[in-house]
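Look at the two complexes coming up: subunit A is in both, with subunit B in one and subunit C in the other.
Up next is the complex of A and B:
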């Protein structure tokens, strides 16, 4: 490991010491986990998660309908959809033009920033896209290109919290007018 | 402890095997993962946010989110890196909330002593000079410094976790070290 300056050795000895933590906090965590539904294994078919198959089918339909807009404005698109109730979702298409990329993943609040959760499919001309069903609300997201380069959505609002250095964008999924 | 009695804390059991047990219907195996990673996560959150309550909340949120998303975890990456990716985001959220609280308190005329960090975390763990010096670092530098020199991650792992470029991370660590050397060196602190 790269070493810190010698004069800071005592400082890092302190910093590396483990905090005690509190029993109350651990108990709260155990209660929270006990109240959380157990995780379900996501099975992959032909190396792709099920969501990507569903998203691909929806995406093919939406890409056909939105191709003109997509090329002009590569951004997260929440197409008009009739949604009723707080828990309803609507399909949101995410598009990034990256002709030099070998892989692109969508990471954000909605998938716990998990690069394996929402891979984009490559289309003609280096246009990558994926469609996700999202609940109404505000989300922060980013594209992870080739597993290492984070890119904000070039056509979406930039997230305010970029003080930590990761470019990210904001998406507002509004409930459709009924 | 019940988990230890089942032998799940054995060092021979890898994180990946524990994940498989959880996904196979043994939720207690997740407790073993919590036992293994809780304190390092808490250490990072505490040092980064500087407030014990916020740090504990960020860590709790991290493990609950990880538990929910465990079905999507693939063993291609280290579980620790995956947890830290979630944790870094939760800490950023908590840090912003703490900052807003500080501004509101300050606007209301409440007296705040010392740095931006309003309350010492885990009393007695870090001496006040060190905590204050950490608090004085820009958030991006503090985050990079902790990941590199406390959690001992590689720059490539840090880039995957933080979304920053390796060159930017190296610069942040360098500047943080320079600031700490000026502030705290050469005298030993609290050892």
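Up next is the complex of A and C:
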């Protein structure tokens, strides 16, 4: 059975052809060379080395991430007339007076309705407050008291329509006026 | 030459893979995390449809997340998202090319009871490029107080023509609210207060 040629093959051939080399020495040398493991060969898939596949997969991942960012990011239907006015944020204070509450959270369109995202801080007399930077636009939100009681903001317009049986308020963050 | 072919093949494979995975990448992970699988899939279909029709997807996602946070049932969440989709579609037909904020405001006004004709009156009075949201929110406020939508739109249209600022609309709501609490009829309070804003702090059309 023919062995697969490797880097040592030319040397082996040269040694084999050397005059004066004894048959025993050649045999030993041949055995030693035969024991030399062949160089590691990378397995190709569809003719491409693993490095190319890795580069392709990384490229695919980055492209996929780019596409996802483009698709999932909220976007206006049409470019707004004043881009800076639409994307700039303004600090907005939310206040709820709840003297008996142990905790108050602000949940709404601006924090994915996540009760853990925006806890209010308790002030004297049970005046709870938090300030959030919000972009210009209309938002629906509620206060969640002690993790179970939903309350609308008494200082804001009550949201109309479907509120899933738990009250919400509406807030309009107006443009900064010059 | 072979190396070039390999690189080209690698690029083709990468691009093909990206297009195959595109639908997966576009899926909204927030829905999958917060909703059960069937509800998330139903909402995702509506969201994808909205994207394809050029409607804003984020308000739909937020409606679903609101339902999840308020522990509503899956059917009710899907129904609410579908209803909002319909209102956004109507809003787009009224506003045309508008910002997400404009569409959300018009949709909210529709939900509050504003009519198509009242919103079209507001749109006609609005200056090109001016935001629609403050007037729409105030229209929803007035309709909520029992004012007939077209009459409310006439009052607010005058303010838009007079180039009222966003803060003027917010102030108008507070003033009307105080008047109504004191016993004034909402429409009359709106007319008087709007007139006061037009002759007062509201900028006059040059």
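One rule holds for everything that comes next: the second predicted complex is superposed on the first by the 91 of 178 C-alpha atoms of A that agree within 3 Å, B and C clash if a C-alpha of one lies under 4 Å from a C-alpha of the other, contacts with A are read in each partner's own complex, and residues count from 1 in each chain.
One rule holds in what follows: contacts are C-beta pairs under 8 Å (C-beta built on N, C-alpha and C of every residue); 3 or more make two chains touch, one makes a residue touch a chain.
Source: prediction; values computed, not measured.
Of the two partner chains placed around the shared chain by superposition, subunit C is the only one that A:157 touches, whereas subunit B remains out of contact.
After overlaying the two complexes on the shared chain, residue contacts for A:137 are found with subunit C alone; subunit B is out of touch. Once the two complexes are laid over each other on the shared chain, residue contacts for A:172 go to subunit C alone; subunit B is not touched.
Using the contact criterion defined above for the overlaid structures, shared-chain residue A:112 touches subunit B and also reaches subunit C. Comparing the two interfaces of subunit A, the one with subunit B and the one with subunit C have residues 49, 112-115, 150, 161, 163-166, 168 in common.
Of all residues in subunit C, those touching subunit A in their complex are 6-7, 9-11, 13-15, 17-18, 21-22, 25-26, 28, 30, 51, 54-59, 62-63, 65-70, 72, 76-77, 80, 83, 92, 97-101, 103-105, 108, 111-113, 128-131, 133-134, 137, 140-141, 144, 165-167, 170, 173.
In the complex of the two chains, the subunit A residues touching subunit C come out as 46-49, 52-53, 55-57, 59-60, 63-65, 67-68, 71-72, 74-78, 80-82, 85-86, 107, 109, 112-115, 136-138, 140, 150, 157-166, 168, 170, 172, 174-175, 177. Across the complex, subunit A is touched by residues 22-23, 25, 27, 30-31, 34, 38-40, 42-43, 46-47, 52, 56, 59-60, 63-74, 76, 82, 85-86, 88-89, 92, 96, 121-122, 125-127, 130, 138-140, 143, 146, 148-150, 152, 156, 159-160, 162-165, 168, 172, 177, 180-181, 184-186, 188-191 of subunit B. Those residues of subunit A whose C-beta lies close enough to touch subunit B in the complex are 1-2, 4-5, 7-8, 10-22, 25-26, 28-30, 32-33, 36-42, 49, 111-117, 142, 144, 147-150, 161, 163-168.
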